[in-house]
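Two complexes come next, and they have one chain in common, chain A, joined by chain B in the first and chain C in the second.
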Partner chain A sequence: MPPTIPTPHSFTLTIDGQDVTATVGQSILQVANEHHVEIPTLCYLDGLSVWGGCRLCMVQIVGQARLVAACATAATEDMQVVTQSPQLHDYRQTILQMLFAERNHICSICVANGHCELQSWGQKLGVDHIDLPYRYPDLDVDSSHPRFRLDHNRCILCTRCVRVCDEIEGAHTLDVMGRGIQNMIIHDLNEPWGDSTTCTSCGKCVHVCPTGALSEKGTSVAEMVKRRQFLPYLTVMREAK
Partner chain B sequence: MVSLDRLDKIAHKARESQRACDHSVNVCTAAACQSAQSQPVLNALKQELKNAGLESRCAVRSVGCMGPCAQGPCISVEPQGALYGKVRPEDAAEVVASLSTTPVERLAINTSTPFFQRQTKIVLANSGRIDPEKIEDYVAANGYRALLTALTERTPAEVIQEVVKSGLRGRGGAGYPTGLKWNTVAKAAGSQKYVICNADEGDPGAFMDRAVLESDPHRVLEGMTLAAYAVGATRGYIYVRAEYPLAIERLRAALRQAARQGLLGQRIGDTEFNFDIELRLGGGAFVCGEETALIASIEGRRGLPRPRPPFPANYGLFGCPTLINNVETFANIAPIVDQGGDWFASRGTEKSKGTKVFALAGQIVNGGLIEVPMGITLREIVFDMGGGLPTGKKFKAVQTGGPSGGCIPEAHLDLPVDYESLRAVGSIMGSGGMIVIDDGQNMVDVARYFMDFCMCESCGKCVPCRVGTAMMQDLLNRFCGRQATSRDLATLRHLCEVVREASLCGLGQSAPNPVLSTLQYFEQEYLDAILGKGRSNGHASP
Partner chain C sequence: MAAGEKPKLATAWLEGCSGCHMSFLDMDERLIDLAGLVEIVSSPYVDYKAWPEHIDITLIEGGIGSEEDLHKALELRRRSKLLVSFGDCAVTGNVPTLRNTYTIAEIMKHAYEETAVNRIDDAERPYPTQYVPALRRQVTPVHAVVPVDVFLPGCPPPADAIFFLVTELLAGRKPTTTDFTRFGK
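Then we have the complex of A and B:
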C-alpha cells in the first residue's frame, strides 16, 4: 500500500464579512494575504518564523474579548475576522507613532527614504504628526563592517535580521541585548560588526531590514533599495528538497 | 519500597522522638527571621539548654515562617504555647528558665488578636510547626499520605475530579480554574508531558511563595507529584527565583530526601508511576514568571513570551503538553486530595474557594504573612488583622496585585476579597502582595513607582509595552515634577488603553493598571500636578 497523502483540509471563515477559504495551519494573516486583504505588518516576513512583536497586525475576532495578532493566530473554521475598525486604526497609528518617537527617524536624510516600510505604513495609515513624547535617545552607528552599516537610530527592533541570520543563513551572528526600552541589536557578544568572526557577510540582514537601520555602505539618501526575492526562493527550495 | 505502612513507621518514629522531650522551642529560620539574626538566637538557646542541663528534655527546632515577619526573629514554645518576637540571643536564658513556668511577658506576642485568630491555614498549616529540612516532620504531619493513597486507590481522573470539585483557582495571578487546566493537559495528545511549578515570584513586596518553599517544601513536591499522576506527566521542573538561596537549598534537600524515600523517581509507591523533578534557577527577570517566557527560559533560550494560543497545556515545554501552576496552587493540592474537594470548597465565596496567602506590608501595624479565607473584606484585613495604620497616619488606599494591580480607596474597603470583586474595582487579586498607603503618599508617585518597574522589566519584544511603558514613565515624571500639561493627561490615558489592548503578554496588558486605578480614584492629584496648579503632594491645603 502506498502511503496515503492526506489532502490539506480546507474550511471557510469570513474576513471583513467576505467568505474566504483557508487550509488547516494557516494563520489569519496568510489567509488575508491570499485573498488580497491588506493587514499592516512590520516584524512579519514571509519565509521567517513568526515573531508577533510589532502588533500592527492586530485584528478583532467576533466573540473574543481580546484582539489577536493576525500573524500568530491560526485561522479556524467559521471564525469572523475584522481587520478594519476605528479602534484598530487608532491602535495602529499609535504603534507607528511609538516607533517614530522611540528613536531618531529622520526620513529626509535616510538612505531608505522612499523604500522604508515604517515610512510607507505611516503614509498609508495617515500618520502625519506625532502626539507622543519624543525620546531622542543617544545611539551609535556601527560602520565597522567593510560593506554594511548598522544605524541604531533607525532600528525598530523587528528582529527580522536576527531571524534571517539564524534561520536562513545559519550564522546567528545577530541577537538582541538588554530589556525593554534598552533593547539593542548586537553582533556576537556585543562586538563591532567588523570584528565578528561568525558573520559571513552574506548581506541577508541588510535586505530584510524594513528601514534604513541596516544598509550597504556607499548608498546615499533614498538609494538603499532592499531586495528580498531571495527569501521566498530559498525557503521554497529548502522545502522542496 | 515506600508504602503507607512505611510512612506510618516514619511518622511514628518522628512523633516518638518529639514526645521524648517535654518541651520544644521552635525558631523560625525562614529568610525574614534569618535576616533578623534568628540563627544566633537558635545557637544561644541550644547553649543555654546545655548550661541548664536540659538538652535531652527540650528540643530546639528550626522551623519555617510563623507569620508576624515584622517582629522577627520569632520563636514559639510548645507545649507552653508561647509565641515570642524580636528575640535576641541575650533573651535565651530567660526563655529557657521560663519553660516550665509562665511565658516571658516582655517578649510575648499576643496570639488572641485578630491577626492570628482570623487566619485559616491550609497552605501554611505546617509552616512554623515543622522542620522544613526534615521529611520525617512532614510525614509526621500526615505528609505524602494523600499521594500514596491516590497512587494505589484512585485513578488519575478521580484525582482531577477532586480538584475540579474543590473550585481551586490558580494562585499565580490570573485565577484560572486549576481543575480545568489539569483536564486539558490530561486530555492533550502526547506521550511525554511535563509539570512545572512556577516559583519565580517577581512582584515587588511579595514573599508568599518564598515562605511556602522555605517552610514546607515537601508540600509543594507532593502537590506536583499528584499533578503529574493526574495529567500523566513523568518529568517536572521547579523554576525558582535565583534570588531565593534559602528556598533553593531547602528544595534541594527536600528533593534528595523524597528521592531517597522512594517518593520521587521510578515506581513510586510500588506502582507503575514514575516522576522526577529538576530544579531550574530563574533568569532574574520579572517576565520569566510569565508562563511562555518561563518555558523558553527552561529550554535554554531568552525568557521572552510568545503569543498564546497555543497554550502550554497543549504546546508547552519542548513542544509537549505542559501543566504549569504556581507554588501556592500546588501547596493546596495534597489537602484537597486528602480531605476532599467539598471540604475545600466549603471555604470562600461562590467563585473563589479556599484561602489566600497575603503579604501585608506598607503603612500597617502588623505586617507579615497571613492566610485568610476568600471573601474576607479588605477592611478586616487592613484594620482588624493588620491593626490599621501606625499612629498619626491616615488610610488612603491599599494596593493589591503588585505592578499588575491597582489602588483601592477607602470607599471599597468592604469589598470581599475574591477574584471578581477586586477586578471590578480596577485591581486584581494577583499573587498576594498587599501594600497599605497612607495619606502622606502622592498617588502619582505610587503609579510612577510601578510604571518604572514595568518599564525596566518589559522584555522589549512588543512595541506597545516596550515603548509605551517608557513613554508613560516620561509622562508620569512630568506629573511628579509638576511640569505636565492637560494634553499630557490625555496622552497618558490614551497610552494606557493602547498598551493594555495591544501588548503581547500579561506584563504589558496589565502595566497600565496602577495608572488607571489611581486616575479613577485620585484624579485630582494628577490635575493638581498640571503645570502651575495646586500642590504636588496631595495634601489638602492647610
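Then we have the complex of A and C:
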C-alpha cells in the first residue's frame, strides 16, 4: 500500500508581491493581519462571525475580474492578492463617502469624536470632503435604556452589535429591520430599548460599535472610548473549553 | 498679480461660529511671517470688507445657510484663483446642518416664539424679514454650490494645519490636509 501523503495544513500565497504563509481555513484578511498588512475594515471584528457587509476590505485577486471581500474569502494556495491600488483606493473612499452622506455624522459634536473608526478611516484614506449629496434623514435617538443610548444618526449598519448580542451574550435582543435605506437597528420586536425584556444590559453592543451610534449615557463630546478587550478573551476562553 | 505685489489673501465668514477664524489667530507669532508673505485684502479681521476683483487665495469659513451666504460664495468663487473650504462647516455643513430636518417655518417658530424670553405674540410684530438674509431650506457645504479647490477639515482646523496649508498654497503646491486634521478635529 503506497504511503498516504498528508494534506498540508499550511501553504503559501502572495500578498502585495510578498510570499506569506497561511493555514487552511484562514481568510485573506486574517493572513494579511498576521503579516502586518493593513486592510481597512469596518463591519469586521475579530471574535465575531464574518458579515462582509461594509465592503471596505475589498481586494483584488490576480486573474479574477471581480474584487472580493478579504474578510469573507478563504486564502488559497498560490493566490496572488493585491490590497492597494488606485482603483481600490477610489472604491474605499467612495464607500466611506456614502456612509458619511447616508446619515447625520457630525463628528465635532459626537460622543465618539476621536474614537470613531469611520472618522479615522476617513482620515487615513484621505477623505477630506464628501462629493455625494448629503441625505439629512430625520432619525430617532433611543434614550429609553437607563444606561445606554442608541443614536440612529451615527449608525452605519455594520451589525457588530447584533452579532455580539447574539453570539457572545446569547441574548439576541438586537436585530435589523426594514430594507435598503429603511434598514434600522431594532431591539426585540422594534420596541424601545428600555422596555426590552431580553436585554441583559451587559453593554457589549456599546463597546463593539465602531461609531457613536451606541454609547453610555453621561458621556459628552469625544468621551465615549470603546473597550473591546473582553471580546478576544471571551472567544479564546470559549474555544479552550 | 503685478511684479513686486504680494499675493492677495481673503477670508470670509458664512454660516459658522467664527471658531476657524479664532484658530487662524492661534497661529500667534507666525501671523507676522504670514503678513510678510500676503496682503490680507478682505476679512472679518480687517476694516475693508469689499472684495477686490482678483484674489489669490480665499478661505471660506461656514456652510451655505442663507441667500447672502450663497451670494458671497458665488462672488468669491468668481474673484478667487484658489478657493479653500476652511473648517468643518464649509467642508461638511457640520453643526448648522442640525436644522436640515426641520422646515424654515418650524425653525422660525422655535427661535422667535417657543424659546423667546419675551414671547412675540403680537401680529403687528412678525418675524424679521428686512435687513436679515432669508434662510435657505437646508444648510449645505460650500462645494455643493461652487467648485472648491482645497478642503481643510477640522472643528476648528488646528493653527498648524492652517499655516501649513497657506504656506504650501503660496509655494504653488496642494497639500494633503488629512495628514494634519480630520472631521471634528
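We take it that the second predicted complex is superposed on the first by the 233 of 241 C-alpha atoms of A that agree within 3 Å, B and C clash if a C-alpha of one lies under 4 Å from a C-alpha of the other, contacts with A are read in each partner's own complex, and residues count from 1 in each chain.
Convention: contacts are C-beta pairs under 8 Å (C-beta built on N, C-alpha and C of every residue); 3 or more make two chains touch, one makes a residue touch a chain.
All of these numbers come straight from a predicted model, not from anything done at the bench.
By the document's definition of touching, of the two partners only chain B reaches A:Met58; chain C does not. After overlaying the two complexes on the shared chain, residue contacts for A:Gly178 are found with chain B alone; chain C is out of touch. Once the two complexes are overlaid on the shared chain, A:Pro133 sits against chain B and chain C alike.
Using the contact criterion defined above for the overlaid structures, shared-chain residue A:Glu102 touches chain B, although it does not reach chain C. Of the two partner chains placed around the shared chain by superposition, neither chain B nor chain C is touched by A:Cys202. Chain A is touched at more residues by one of its partners, and among chain B and chain C that partner is B. With both structures placed on the common chain, the touch criterion links A:Val82 to neither chain B nor chain C.
The contact surfaces that chain B and chain C form on chain A in the two complexes overlap at residues 131, 133. Of all the residues in chain A, the ones that touch chain B in their complex are 50-55, 58, 66-69, 72-74, 90-91, 94-95, 98-99, 101-102, 131-133, 135, 156-157, 176, 178-183.
Per the touch definition, chain A reaches chain C in the complex via residues 100, 104-110, 113-114, 119-120, 122-124, 126-131, 133-134, 136-138.
Only residues 285, 302, 306-307, 309, 455-471, 474-475, 491, 494-495, 498, 501-504 of chain B touch chain A when the two sit together in their complex.
Remark: chain C residues 85, 88, 91-95, 97-98, 100-101, 138, 140-141, 143-144, 148, 151-153, 155, 176-178, 182-184 touch chain A in the complex.
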